[in-house]
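The same subunit A turns up in both complexes below, where it pairs with subunit B and then with subunit C.
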Partner chain A sequence: MDLLRNIKRYLILYWIFVKNCVISQMEYRINFYISCLIQLAFMGIKVTYVIVLYNAGVAINGVTPDQMMIFIGTYSALSGVFVSLFLINFSSLSHQIRTGELDMLIVKPVSLQFMATLRRIDLGFALVSVTTGGAMIIIGWMRAGIAVNFINVAVFIGFTIWGIFLTYSVFLIPNIFAFWIISTRGLSQVVNQMWDFNNMPMIIYTNIIRTIGLFVIPIFVITNFGAMFILDMMNPWLILWGILAPIVFFFISRSFWNFAVKRYCSASS
Partner chain B sequence: MRILEAQYKYLKVLGIGFKHSIEYRADFVLGLLSCFFPIVIQYYLWTAIFTHSGTNSVFGYTYNQMLIYAVLAALVTKLVSTDFEGEVTNDVRMGGLSKYLVQPISYFFYRIYRFAGEKLLHAMIVFILIMGFLFFYQVNNHITITLSQTLLFVLVIMLALMLKFLISYAVSVIAFWIHECNGLFLAINVITVIISGGIFPIDIFGDTAVSISKSLPFYYLTYFPVNVLNGKVGFDDIYAGVVIQLIWIVIFMLFIKWLWRIGMKRYIASGG
Partner chain C sequence: MAIIQVNNLCKSFNYYKKEAGLKNSLKNLFYRKTLVKEAVKNISFEIEEGEIVGFLGPNGAGKTTTLKMLSGILYPTSGDATVMGYVPWERKKKFKRKFSIVMGQKSQLWWDLPANESLHLNKHIYEISNKDYHTSMEELAELLDVKDLLNVQVRRLSLGERMKMELIASLLHRPKVIFLDEPTIGLDIISQKKIRKFMKYYNEQTKTTIILTSHYMNDIEDLCKRSLIINQGSIVFDGEIKKVNELFEQKKIIKLQLEDYVEKDVLGGFGTVKQYDGYNVLLEVDKRELKECSKAILDDLPVIDFNVEDIPIEEGIELLYKKKGSVDRIVEKAY
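Now for the complex of A and B:
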């Protein structure tokens, strides 16, 4: 009962964050358009991968370009969501630790992790990427002739949303090192680059990379499982892992955060 | 005598740029490291495509040429990248530009010498990396890259740097009209990378795209230099390409002169 009430409370709080950010974005509209423009430019890079696949016209390990577009579409859609919801918070974490701004958040009567890692939302990136990525998914889905039934759609969307949850934990962990090394720019740059491995379906990689990407740094789980399910490429064990991984990694990131916060000693003043 | 003095002044600026790049060397090296993952992804992508296509050439490239392209394009893109647009914006917005207007120094020459100084170190690093990679590749895969190709590459890359400087300098004039334009510059730079072949060779967009882009300046930033070294461009085409590069450089110089004259009229020298 307590847990449910807490969840409800945080959902309301998150909704207020969203509202606040939208209001401030409407005030500075130009910034919003610029976010959209930046994301649009980066979508261009993702689309070039699709162009390569189509113009080469090769099926890789039995996966046709149409089917691969579903993978790339999922990746494209989520990459903007990642920036909109998480990255803008994560990248300011080290700044908050360095300057001691985190003090202000610690004294608030809500979870520090929640405040520090989810407070800001910039919907411009997500808007563009979900629209274009979504279009890629739908076109790929239709052209590949995959059945549009309730199970396929529900599981695909389910895995994708569950993947967003996993994204949060996986990419938060390296940023927590900011409590020790203060400047995480180099580190998170490298980690964020790993995200781009999803630009291609995981079938093109070797077994070692696939295993690492599934179980050690589970980036492949995020954007591959939904598409793999509708293409009948999943086995029950993978489905189970797809459901469990976000929970497991959330607990890891949560305990690591709690461990790290003890290192915080408030800079300045 | 006066010419010598003028030269001396700008050589100092060149020195400042060089020192700046030495001070921030870690930034550039980290940036180079960030090329690593995209190259790995491309390696697997091309390996998969070439294994399953059953032909020796995809988009007119052999497997080796494609891999060389991927590595070289990533390095060259990093080399010809510019980030002084933000500094120009600051100068325009905060009034820093005023000090160049009242002193006997041209802002354009200040910027270009500074850019040259900064790129000196970057060019050396990238050149050593490219040569190391090609030497390693040559030993293991029996490809040949001749000395004349290498020398032409150096010439072409210098012109490409010049051209990219001029393009960015022309773009940064936007600062006179729009105040928050760093995001805009980022978007423009990303699109420039795509259409200059910084990620994939332009050939993936089809033959028409290649022939159209031959007459555009972007073709000569990454695609052309890389393919000079890759052996995809014949010697006659290289000379023709160098001529077009020079033509674009002249066009952009005139264009900049005109653009900045209009922009300057809007400059209000705000700030201290």
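Now for the complex of A and C:
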């Protein structure tokens, strides 16, 4: 009962964060429009990839352009979610530590990790990329002739949501180092660049990159597994890892966060 | 039992120095000599429920660091403390529901939103019932005279109005202990006075325990029966602020208004001249010689007005800031 009550409480708090952020962003209309335009431009670049793919008409490692479209669509949609929900918070973590802004969050009777890493949301980014990414997935799905049945849809959505959960943990971990080194820009940039490996299906990469991307920094689990399942490219072990990886990495990020927070030394007032 | 107990609390920070210039920055990239600053050194004190205690000290003395340890923001290097029976740095949710910290230089309000949105968020953070939330908000807004400003964007409020909103946000959940870290910093005299009046009333009504740090003597004199003075990380005074001067040489100030112009050298024979313009004079004299000195002044000088006053508290505190005396002796003598 306590768990359910807590989940409900945190969902309400998250809803208030979303609401507050949307109201704040609408105060600055021009900025809101520009964010959307940047995302549109970004999506334009992605679409050119697709056009090139279709024009070439070549299958890479057995993946046809239509199937490729599903991978790129998933990547595009999740990129928006990643930036909108997580990156905006993670990149400000170091600032909050450096300036002591975290002080006012530590004293609240709510999980500090929840407050510090999830309270900012920028829907401008997500709006465009989820829409265009979603459209790409649907077009690719239809053109590739994949069955639209309950299992395919449910597992695809399930892996995608589970991937969002994994994204949170994987990309939070390097930012936690800010409790020691304060500025984590360099480290985060390296990890954030890895996100772009998801631009293409993992089967186009070499075995070493694939292994690292699956088990060490499991970025491929995030956007590949949903599409791979509906394309019948998954074996049971990969499915199991797809279910376990988000839990394992959440546990690692949570433990690391709790360890790091004890080192917080605030800033002079 | 005291609501706040602090025993031999210490906090050290690591830091390093760097000389100016690119060359030194390059050097610094490869080698840094770590230095340790002892921000708080073995401080001990107790505070009873319902007390308002002033926490004074020069910049960098360790006031805020102490408050941050007592509110669980910082882990101490060594020592113990309990607040309402909780160890603050264990950061238990039950503890966090019972206290509040207001920092004059840090905000918990959402900048682009009206204050009532931040208050509504706090309602859910502290799980305040609808009834209690509305009662508290109405009452606090009424007392602080900001009822009409609750739906105005925070960034459009004046500093004083914003501080009042910060206070409402911090008091909504009816904390038993409040740490106020320079709540009146940067405010005009009227706003300072209003906030002081509010805190005094609030303390009388709710018996909330308050620790207040401020550089404004009026805050301390108006609100705090007891003050702790901290300097270079150690407590150098614990007692009634008015007694600060008793710790030092017993001096009195004689304020004179003279009918005719008198040379400074002549006045120097009666005591130390602190202020002088030929007609208005401030003389500092030894308390033991006050009687003889006063008699001589009245006999020898063309006096129109004559007043004897204590040395201003600020001066006593300044001496404490400068003079790092025996901590135990001062604490024992004053409290």
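Heads up, the rule we're going with is that the second predicted complex is superposed on the first by the 269 of 269 C-alpha atoms of A that agree within 3 Å, B and C clash if a C-alpha of one lies under 4 Å from a C-alpha of the other, contacts with A are read in each partner's own complex, and residues count from 1 in each chain.
As a convention for this text, a contact is a pair of C-beta atoms (placed from the backbone, for glycine too) under 8 Å apart; a residue touches a chain by one contact, two chains touch by 3 or more.
All of these numbers come straight from a predicted model, not from anything done at the bench.
**Q** Given the alignment on subunit A, is it a clash or a fit between subunit B and subunit C?
**A** fit
**Q** With both structures placed on chain A, which of the two partners, subunit B or subunit C, ends up touching more residues of subunit A?
**A** If we count touched residues of subunit A for both partners, the winner is B.
**Q** Could you look at A:18 and tell me whether it touches subunit B, subunit C, both or neither (first, second, both, neither)?
**A** Neither subunit B nor subunit C is touched by A:18.
**Q** Could you tell me the angle at the CA centre of subunit A between the CA centres of subunit B and subunit C, given to the nearest 10 degrees?
**A** 90
**Q** Between subunit B and subunit C, whom does A:41 touch in the aligned arrangement: first, second, both, or neither?
**A** first
**Q** Examine A:56 and indicate which partner it touches, taking first as subunit B and second as subunit C; both and neither are also allowed.
**A** Touch partner of A:56: subunit B, not subunit C.
**Q** What is the contact status of A:199 with respect to subunit B (first) and subunit C (second): first, second, both, or neither?
**A** Once the two structures are laid over each other on A, A:199 reaches subunit B alone.
**Q** So, A:244: does it touch subunit B (first), subunit C (second), both, or neither?
**A** After superposing on A, A:244 lies clear of both subunit B and subunit C.
**Q** Aligned on chain A, what is the least Cα gap between subunit B and subunit C? Give it in whole Å.
**A** Minimum over all C-alpha pairs of subunit B and subunit C: 8 Å.
**Q** Residues of subunit A touching subunit B in their complex?
**A** Subunit A residues touching subunit B: 30-31, 34-35, 37-38, 40-42, 44-45, 48-49, 51-53, 55-56, 58-61, 186, 189-190, 193-194, 196-197, 199-200, 204-206, 209.
**Q** Please give the residue numbers of subunit B that touch subunit A in the complex, ascending.
**A** 30, 33-34, 36-38, 40-41, 44-45, 47-49, 52-53, 58-59, 178, 180, 183-184, 186-188, 190-191, 193-194, 199-200, 204-206
**Q** Using the touch definition up top, name the residues of subunit A that touch subunit C in the complex.
**A** 9, 12-13, 16, 20, 23-24, 27-28, 100-101, 103-104, 106-110, 112, 262, 264-266, 268-269
**Q** Residue numbers of subunit C touching subunit A in their complex, please.
**A** Residues in contact with subunit A: 13, 60, 64, 68, 71-75, 91, 93-94, 96-97, 99-101, 103, 105-108, 110-113, 117, 120-121, 124-127, 153, 181-182.
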